[in-house]
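Same chain, two partners: subunit A is paired with subunit B first, then with subunit C.
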Partner chain A sequence: MTDNRITLRVWGDYACFTRPEMKVERVSYPVMTPSAARGVLEAVFWEPEIYYLIDAIHVIRRGNWFSFRRNEVISVISLVSAKTWMTSPEEVSPIQAGGGAPDGTQRNMLALQEVEYLITAEVRPSGLGSRHGIKTYVEEIRRRARNGKCYHRPYLGVREFACDFEWEEDAEAAFERRQQELGSEWRRYDENIGLMLYDVFAPELRAHGFRWLQEDNAAVDSPIRLEPAKKRKSKALTPRSTGVLVRPEALFFFADVRDGKLDCHPSRAQFAVKPAMEA
Partner chain B sequence: MNKTALTNRHDFLILFEVTNGNPNGDPDAGNMPRFDPNTNKGLVSDVCLKRKIRNYIELFPPARTSAEENGFNILIKQGAVIETEQKKGIEAAKQLHKEKDKQAEATMRWLCREFFDVRTFGGVLSTGDDVMKGSAWGQVRGPAQFTFGQSFHPVNPLEITMTVCAARLEGKPIEQQTGIQGHKYIVPYALYAAKGYVSPAFAERTGFTQADLDLLFEALLHMFEHDRSAARGEMVVRGLYDFEHVGTQHENNAEQNRREARLGCAHAHMLFDGIKVELTDEARSKGFPESFADYRVICDWDDKPLPAGVRLHKRHEI
Partner chain C sequence: MLLKLLNDFAESRNLLDDLAFSPKAVRWIISLDVDGNLIGAGPRETIGEKNRGKEYSAPQTSRVKNAGGVAEFLADNLTGLFGLDTDPEKDKENTQKRRERDANNQAKCMDFWRQIVKAFDATQCPALHALLRYHEKTQIPPPFLRWGVAAEQKPNEKPAWWLTTAVGTETKLGLDNFSFEVEGFDGLLLNDETQLRPYWRRVYQKEIDDRDTTAKRGTCLITGDTDVPIAATHSEKIKGVPNTQSFGAAIVSFDKPAFTSYGFDQSQNAPSSTKAATAYCNALNYLLKQDDHYLRIGQTSVCFWAKETRQASTLIAKMFNRPDPASIRGFLAAPWAGIDRELVKRDRFYSVTLSGNAGRIVVRHWLHITLEQAMENFQRWFKDLEVTPYGDPSVYDNGKRKTKDKDSMPPLALFRLACSTVRDPKDLQSETLTQLYRAALEGASLSSMLLKPMLYRLQVDLPKHGLSVLANPSRFALMRLIVNRNRKDDVPMIEPQIFETSDPAYNCGRLLAIFDSLQRSAHGAGFDGATVSERYFGSASTTPNTAFSLLWKLHTHHLKKLRQQGEKGKAAANKIKNTITETVALFQPENPGEAPQFPRHFNLVEQGRFALGFYQQMAVRKAAIDEYVRRKKAGEIQPEDIDDELELTANHESSQL
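Our next item is the complex of A and B:
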């Protein structure tokens, strides 16, 4: 498996890995979650034929806590009212945000500042076809990460906290090297965090690959349907892939950062609820 | 989705300054200018910058060439609005939609086409459906992404007391209505930098075009000029360094260039590192900056070649 293992070093001025139990006023976990790490990797390279299993996250700089209050918008853009808008615009009004307006509110955010991590992940085939061998994809990821190429700008938890990234050949070596470089600024971070969000779906489901949940699937009773999805007649907005329909569902694991390393490989991580296994 | 969608990645750095004003108040601290308590450096939130852009577009929307082209309405408005103008614009577009749009997808596209802010910054959609809740379907990810603005040096907010010399109400004693009536905060001087990124992959989804990007830069350059207020002081954009990724191949190889330009040709942090902002020697002996003249902005890319496939546009030099 070692050939399929990749390591990216990511860093940014700010980060907020929101705890789902405190979703109104965002409070970050003290360290990057596996799902946020997956998001960073997918921003660099995503392809339905592969998926990432986050192996470990090394914390190079845990960062300081940092609180921030902003004017936010509580209303979401309603598709129903947008449809009305097309035909009778006089019945709808735009979203009114900012100072005391009905759709605005002030929300606090407890985030991290000055963070840096090493993300180690396994690149695995998803079973949605294999035009190329896994090595080809690993090479492509390496090429992108080395040259600063990305599908979209990766971020640490929320999009305003954009991050930079760099390829690393070996996680342990990079971890050692950064400790030396940081010198007196280096702080080892160890903490038994307890329950932490692993991702919004079980890794087994991820192994099947997935396609986005579309409106025409909304009537499905069972949240998870394992037969291949039917072909869409209309021009697909998103992918060329088909796969299993996955409904987002939070999965938690017991997170323990030891020697600056959060081990989160599904084969070693202890999940709060054993995910339903599918062959 | 859109044949004319933006094809090149852009990473940009915006430098802006404030003189005797409050660029962005902190509601946690009685509207004091935001600053980071760990470093004392000033902060300006991403949403503050996006608000300015929205307000600028609302003031100066470009003429819409046809109903099929992108419109420039703003969906998320500040406080009270004048809606007449807006409805006119939408009236023009609605002819297209005589056939009912059942698909959420079509509605989403309509929102992106109609509203500049949805097309540029994205947004969260409500489908009014529980099954869809929390799925990736419920969001439009906009191509433009802003980070927090940070000042280069610690800021030192001052509290200014405001006195009133004329009474407003007849019924109340004049003494109660005059004298010290309020406070405001100012930053004497600070230079801030914020980073922005534009991802072509999302531009394709929302139909964000090169013209939209030009408009975004125009808004960034002029956003403070139409946002004057006593509280804000003087705010000026001092630099807008736009790194455009164009591809490393010969221009005959357009297809390959397009692919490279979409993903980018160099690390963004490397490009930004080439823009150095430092205090001049006199300012250094003084210890703090008092005006833009106390800063020296050095663009390394003037002397050394940019990484292959990247172009630098200094949008502030017109």
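Our next item is the complex of A and C:
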């Protein structure tokens, strides 16, 4: 059971795990969400053939609340102008933030400062089939994490708050060790957080693996605005995967940090709506 | 979690019982006879706060008003009643916008009268018939309304709506609401419990039911309930947060494309049930109106409440705003007076700091701890703020010393403490107040950088106002708290009263105070130059060695001068010399017989301790003099009790008065 389990220690100056209800003027959850933890792991290594199930998050440093305001925008860029930009950049004017720009607005963020977590996760094979055993993937993740390699910089909640990471062999041992190292700075953190966002996709959907949605096979009532299906050349006609279609749907669970540990394995976590777990 | 707590608060305080009605200021009452004719020259004015009229419990629609074209039942403004624009000259150049505005106004007016017709059909209430008759008969605009400038035109005056009141005078109209009364009916139609209010409750309930049946269903992220109707928008606006508009703002809103995710519409981004959305908005609106749940701190609003113990927030609000010495003593001795101790142990305390950003509300900070913890922190706050008063503290007791707002507060009021960091209250940053608030309730330490402006103010005020700056204890109370909470392990705590310590900074401060008193005693009543503390406080507290080498020379002259004043002078000089020798014992000279060596410089926290040493030494002297003068006046002094030093000083002090 433990041979597919990995632990990564992450830390950063700032973090904002935005609550969905207060995401315009952002307010962070007090601890990392499972989906943010998944994002960190996927930054280090991910292939469609595997998926991560976050087992637990240890809070080494909870951090302090920290509030500030930034210039942001109210509009989103359209796909059409993004494409035009690629071909003839002079025809597109960018969306301007701040300074009285028509698309600018100021937004506040209540973030965390000086945080550190241990992420423990299970690496599982997705339904897309694979040439390798799970052990190969765990080895690869370990190798990459030890060398500090990542596909993109992992971050704590939002892209601006990049984080550092380090491979840990054993979560409990690392937790003890960091307590010793922090000495008087160490504070035990316990809190019953209440409902917390688990992810925008149910874990059992991840088990099927993902593929890109296209207009011809998306459900009509899908809330997602899709790109029109592109006519591909003969090579692309064979489907790249056989996964099922997935629609984003927020999933919430009752989060309770006990002895500095947020247990969030889907088989133990208490969800607001019970997701159908795979047999 | 915040929204959940607010939701629970609304439920526990029964805020959701009569949502069909909400308080609304109605300034003008149109009086009609049974046939719908206007009685008098115009509407009758009600008296309320700031020209807005009296507050009535008025019907409140649950329909979304953002898009316009929706009127309230029975009470609305001139657009609702007559279809008139509040500013007919707006967008005059832009025909399309103008047309849209007009259409919207018409729709709102029609909506208003449609509701009256419907109500009449349902209730057959004759008063409503009178209203409808009035609507048929009245020309638009009605004779009592006039668009233009005042009768006596002022230069650059912009045109506005003018209204002729029932008594015939003309008044400028703001965003005022109108309502009706009809002859033969008791009171306003708004208040009619026999027919109209029950009718409205039914209508409101139907609105809610309609909304819930058409709403998408899903899981509520506030309560965790599954398969409940999800609110499309959280339409109830939260009013009273600084930097938002008077009609309110929202905490949860996704009105711009950049705010949404995954292609979700509006509040589907954060699914919450219609019930929970109404509940948390009502809870916040309630909290923001209660003086004992709410503090206005600079540009932010702070709301706080305990889950069960209702008295707790009242107590806390009082201790922030009006902590007079008697109530502090009471609070420190028995903080739980009148509160069930067992309840406090399991109860929790919540606080949220809100500020505005145009149409949106920003959560700046929030806190949830046990009530017991909150009270303990609060007690520690007052213990840490304790300092010996300079002179008679009772002048601060009654709070009526000066009419100015700031000065009428007791010295330990939050606002008063924060003011000691700035020259003028208007320079105050809300961040400072927030820091103080958190230090009080969370027991957090305050940034030592706050000392910087405080010490600067002291250095500036001391030469300007002399020793009277010491009379306000708030600055020294706050200074003591900051210094102690930023204390390193090897440094002593600063006690509330003067105490013996080996801390160089504290003792240097004391020494400066002794030098200052010596100079005052030596020069006598005729002296009106700058004293050593006024002149050297700044340099003595930052670079003590430089300043004190000079002061050391000076003080020998002052001693000499004092000795020349007869036997009394000699005795006093010797006594002061002994005190000085004791105090400087810590600072050994390089060679025996030379002036002692003082530290080269003090950092910020040390400067704070210096100021406190100075203050406490001065307070001891002041107390001794006051006591001596009192006893002398009372004739209690025996010849053998006569204190030479105090005798001299007391004579000077009293001659100065």
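In this text, the second predicted complex is superposed on the first by the 228 of 279 C-alpha atoms of A that agree within 3 Å, B and C clash if a C-alpha of one lies under 4 Å from a C-alpha of the other, contacts with A are read in each partner's own complex, and residues count from 1 in each chain.
FYI, contacts are C-beta pairs under 8 Å (C-beta built on N, C-alpha and C of every residue); 3 or more make two chains touch, one makes a residue touch a chain.
From a predicted model like this one, the values you see are computed outputs, not experimental measurements.
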Touch check for A:Trp85: first (subunit B), second (subunit C), both, or neither?
first
Between subunit B (first) and subunit C (second), which does A:Arg144 come into contact with in this model arrangement: first, second, both, or neither?
first
Based on the superposed arrangement, let me know which partner A:Ile193 touches: subunit B (first), subunit C (second), both, or neither?
second
Look at A:Lys23 in the shared chain and tell me whether it touches subunit B only, subunit C only, both, or neither; answer first, second, both or neither.
second
Scan A:Val73 for contacts with subunit B and subunit C and give back first, second, both or neither.
both
Using the touch definition from the top, say if A:Ala272 reaches subunit B (first), subunit C (second), both or neither.
second
Comparing subunit B against subunit C, which has contacts with more of the residues in subunit A?
B
Output check: A:Pro248 vs subunit B and subunit C. Expected answer is one of first, second, both, neither. What do you get?
both
Of the two partner chains, subunit B (first) and subunit C (second), which one does A:Leu110 touch, if any: first, second, both, or neither?
second
Intersected contact list for subunit A, partners subunit B and subunit C 67, 69, 72-73, 76, 106, 108, 200, 223, 248
For the subunit C and subunit A complex, residues of the former touching the latter
1-4, 219, 221-222, 224, 226, 251-254, 256-259, 261-265, 268-272, 355, 357, 360-366
Give the list of subunit B residues in touch with subunit A in this complex.
1, 11, 26-28, 34, 36, 38, 43, 45-47, 51, 73-81, 83, 86-87, 90-91, 93-94, 97, 101, 103-105, 107-108, 110-111, 118, 123-129, 131-132, 134-138, 141, 145-148, 150, 195, 197, 199, 201-202, 205, 260, 263-270
Touching residues on subunit A, where the partner in the complex is subunit C:
19-25, 27, 65, 67, 69, 72-76, 105-108, 110, 193-195, 197, 200, 223-225, 248, 250, 252, 254, 272-273
Can you tell me which positions in subunit A touch subunit B when the two form their complex?
13-14, 64, 66-73, 76-80, 82-83, 85-87, 89-90, 93-101, 103, 106, 108, 113, 144, 147-153, 155, 159-162, 164-166, 200, 212-215, 217-220, 223, 234, 237, 247-248
